[in-house]
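Two complexes come next, and they have one chain in common, chain A, joined by chain B in the first and chain C in the second.
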Partner chain A sequence: MADVKARLEQMLKDDHASGGGGVTNEQLKDAFGDEFDDLPAIINELINTDRMELLQGEGRTTLAYQWIPEDRAARLGELTNEQRLVLQVVERADTSGVWLRDIKSATSMQQQTLNKALKVLESRKLVKTVRSVQQKTKKLYMAYDLAPTREVSGGPWYTDHEFDHEFVSAIKTVVVSCVKALGNCTLEDIHQAVLGTKVSTVPLSISDVQTVVEALLADSQLERLHASDDARFKVAKPCVNTDWVAEVPSGTCPWPRCRAENGGTCNAESCLYLDAWLDEAST
Partner chain B sequence: MKLLENPRLSALTAFLSQRRLGERVLDGRVEAFSCKRAGEDKKLAKELEAQFAAESRNSPSSMEASSPLGALAQPATRRLLVDLIATLNASFPDHDFSNLRPEQFCREAGAQFAVRACARHLAELATAERFRAPGGGEFLDELWAAIEEAIQLRECEVYSYVPDGESDPFSEGALWSFNYFFFNKRLKRIVYLSCVARSRQLCPSPFSDVEDEYRIRQDDSQDDFVGGDLMFDED
Partner chain C sequence: MSVEARAAALELADEVLRAFHGDACARVGALLLKHADGLTLRDLRRRLPDQPDVASALVALLQHGEGRARHSSIDESRPPVYSVDLHAVLRRPRQARALRALRRHTQAGAKVVEACLEAGCCSTQKLREVAQEDALLTQLATYGVLAKCDGVEDYRDVNTNTLFDEKNRDLPTETASKAKSRAAAMGQALHSDDGSVWRCSHRALKALLRREATLDVIEKKLNKRMRRVAAALWDLGAVRAVPITPAPDPEDDADQREERENSYVLKYAAKVADVEALIRRRHGDAAAKKVGQDLELLQGDHIRVVSSQRQKYGRGESQETYLLEPERCRAYIRSETVRALVKQKLDSDAARLHRALSEHEHLAESDIAERALLPPKDARTKLYALFHLGFARHVELPRQADRPGGAIQLWKADCERSRVVVLADTRRALARLLKRRRFECEKDEGLDPFSLDDARAADPRKRERLRGRLDRLDRAILQLDEACELFEDDDVAARLPDNDDGDFEWRETT
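Showing the complex of A and B:
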């Protein structure tokens, strides 16, 4: 029996060490064969002493068992059942974070009890509060060790959860000058060039650069040469200034004075308004 | 901010919580707070003062500019901002308004705007037979009488939070909403009145933030109004 337990523990530890994501029932059956029936009692004992946990829930089609390392086991052991339930809900939300109200409905706990549980979990460094750029006023919680997703933190374009206009403008200028220097180039070329300038203290991924390129396309500062994945980009010719179009007179003369002075009619040759406009246009 | 016990306001809040009105569900509350600062509020005040100090070092001229709450350079303005934010945090415990800027509030010329907004949006409730104030009388009369008793409207400055259209309690799925802070400087008290209307389809489950004694018992009837015994279920 002790041997079976030792082998099970080793299997779990190995899986955990290699980041395996848990050991399934199928894997246990294969590994233990006839001795599989001895496992439930051992599994129960390990779960009750916080040495392993059952992973289930969203995104998982099968149950899996995972090893719990000693320090985490110790921290879990200090928690009440309520606190463990709250921790479970928060951890299940992974890197997106979970809204306080959703924790409340998932655990059916009262506001006061829930707040106390969260305070304990925060002080034990098991959860932390997070701010999301998309949900500015909601109180979000996340497991302590996780980094928030791009959606939550806003990625490189947000500083202190505010959109950083200056930074984005600066990067746009850099991209345009890179494209100008390179001539006809692909997104990868642009990405490499931008990284080469070392203008950004935060790392910019190729999709970040793509976002900037798309903004510049919309601004008519860049042109795309093929509408495909390996598209090439070049600097667009500056847009022709068409402000003057609004100034051209329409066919109808707006000055009654003109008709009066021309004996009741106005034509292109005698129109005073057109004369005045041409004078202005020629200066 | 400390929530002040007030049976008349509690009864009104209970009536406005999860109040079904045809195809809409209202979530309203009217609460009185004392401007006494609790632990969290003191932290908030400290953070805001630090932020203000940093901003005034970076751009001294911006501090002289006035905001809807007054000039930020004035300590009274900053105190008011903290009080308004703390009120929102106390009224909506699932939200954290600590990062609000003064520009996200506006000052109303007087209480009459609030009275009109209420009358416009809650006219249907005005004649609801289900609501019986302790002294008799209709809903809107009782609402303003209770608020007057709590805060003396004539002395009050009136402010409103402008919803950000994203994630605050007045934005998600809201058909309409209003919210008013009645701030009595002398009494150091704020009465906060707010109401949001959402479509019935959006509200399968209770989303009220308030404590249990305010919660209406959900019954299975298809009636638009919860039974008239509501007012007497309070403990």
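Showing the complex of A and C:
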């Protein structure tokens, strides 16, 4: 029995170390064969001593068993049932986090008990609070060792939960200069070039660079070429004259004082704006 | 046409008629535009009792192709009913740009066309006096620029013709007979002096403007060599004209549409060898090298101004053939212009956001913000600003049982509405400038705008001042007219009766 327990523990530790999603019953049957019937008692003991937990993730039809490291087991060991319940709700929310209101409705706890439980969990470094960029005043709770999703953190474009316009502008300038230097290039080439400049202190993934490239395409600063199967980009060359949009007067006078001085209406003959515009030509 | 768009169009039409034909024509034109069913001469006289020259004004409109006459075929005793073609009036300012483009090719030809446009329609004798050589007139007729006033121009023909290529070798064989028949008509008119009357084909001028706009963009974007290649494709007739004639049947299924598309390409696309041959003839052997590569580059460019298809020929051979896509070029110019307009009305972030919306179907706010690299709050403000300008619209997906959360709002760029809004704004601006131009010309009675070069006419400072103001107005007018042309709906313009039939018959549109 001790041998079976040791082998089970080793199997669970190996799975945890390799980042596996837990060990299923089928895997245990394959590994232990006839000794499988001895496992339930050992499993119960390990669960009761917080050395193992049961997982049932999304899309999973069977349960899986996952090893709990010693330090975490020590922290869990001292938790009350309410605190464990709160911890479960928080961990189930994964990297998206969970609002306080949602924890309350899931656990049906009184506010005071809930607040106490969360305080303990935070002090044990089992949960942490994060602020979402979409709702900065509210706190989200999530497991301590998880990183929040992009929706919550905002991704690399946010610093201290605020959109970093300067950083975005700097990245766009860097991407344009990289494309200018490379000429006709792919997204991978641009990504490597941007990483090479070390302009960003946060790691930029290729999808982040793609977002910047798409924004630059929308700004008509870059162009997409269609010569090959993979998308290639180059710096756009302005070829459409749109200066007139700002220079030519529109159909309505933009000066309120013109209407005021002309008795509430502005017509082409008496328009002060057109007078000034034409006087520029005369000087 | 929406109420707002029609109001802007009528305002512009009034100013155009006043600028080009005078007050009498403007009053008659405005009345006829209000009555879509048309009016008889008697009705016009009754409604304009203080206008003595109604008949002359009507003749001027008819002569210039802006007026139409509908004769009753059953009962000839009933008087003709007259109407005004709004689109014909609105394209009047375009003639100045067409002449400017034409002068790049031939000064002599431009002079003839200018005379014809000024008069509205000209007799063969008059054209002869202006041209002073019959060969030029035959050339203009062959290429469809001058149309005899007794038939309807086929829209397709114009696009296939080289304008003013002396050697006349560039016509695809299947249209040669039409070009020859036009040449024969002019030849007969010149020979027999049979009193034929000729008018400038607005379709030919439109094709010229499209050609120049497409080639200018290609040259500015790429280089002169690419322009030569694109010009060769155009002049070989390898152009995808829009709308495709014959028009596709809305009931066609996907296979039938593809077959029609393929038959169009088969008929009109050009082979590399043909393009090389034309360039070699025009510019020499050196210019004809690398034509194949240039066509590939044009195809791979951002605008994709050339498309290709592999065509099968006899004995198992197949070759790549190429077609010029001027509509893609036009769509690109339109997109850049809208971007500049949004940037000017709002800011560059809104312009980027609008462009991101245009390239995707329906998007949620958060998606748009991410694509445009904006914080969600800013994106929301700009989306509503675009909505109020008419450039974006949203649909609300109601709450559903299988989808958590409340109703979802999805946004989309409203391309058709933004086209209508931009067109109405541009027409209003153009009307305003035309009105101001008229005012500038008339405000100083001692200063004749047609005598600004005459040193004896008036104070030089006054002349220079007026010249400067008129120049600025004229440049702006041409620019706005170009923008109007860009945003006009080709389908609407194509369905209307053509201006070239010459016998002033108004055919009912179906």
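Assorted remarks:
By definition in this document, the second predicted complex is superposed on the first by the 232 of 283 C-alpha atoms of A that agree within 3 Å, B and C clash if a C-alpha of one lies under 4 Å from a C-alpha of the other, contacts with A are read in each partner's own complex, and residues count from 1 in each chain.
Going forward, a contact is a pair of C-beta atoms (placed from the backbone, for glycine too) under 8 Å apart; a residue touches a chain by one contact, two chains touch by 3 or more.
This structure is a prediction, so every number in the text was calculated from the model and none was measured.
Once the two complexes are overlaid on the shared chain, A:236 sits against chain C while remaining clear of chain B.
Of the two partner chains placed by superposition, only chain B is touched by A:161; chain C is not. Contacts of A:278 after superposition on the shared chain: chain C is touched, whereas chain B is not. By the touch criterion defined above, A:39 lies against neither chain B nor chain C after alignment on the C-alpha atoms of chain A. When the two complexes are overlaid on their common chain A, residue A:225 makes contact with chain C while staying clear of chain B.
A count of residues in chain A touched by chain B and by chain C gives the higher number to C.
When the shared chain is aligned, chain B comes close enough to touch A:104, but chain C does not.
When the two complexes are overlaid on their common chain A, residue A:214 makes contact with chain C while staying clear of chain B. In the superposition on chain A, contact of A:134 is made with both chain B and chain C.
Shared interface residues of chain A, touching chain B in one complex and chain C in the other, are 134.
The touching residues of chain A, when paired with chain C in their complex, are 133-134, 151, 157, 163, 168, 172, 211-212, 214-215, 218-220, 223-228, 236-240, 242, 244-252, 267-269, 271, 274, 277-278, 280-282.
Chain C makes touch with chain A in their complex at residues 8, 217, 220-221, 296-297, 299-302, 304, 332-333, 336-337, 339-341, 343-344, 348, 351-353, 355-356, 359, 366, 370-376, 378, 425-429, 431-433, 435-436, 439-440, 464-465, 468-469, 471-473, 476, 479-480, 483.
Residues of chain B touching chain A in their complex: 93-97, 99, 164, 166-169, 205, 207, 209, 211-212. Residues 99-101, 104-105, 110-111, 115, 129, 131, 134-139, 161 of chain A touch chain B in their complex.
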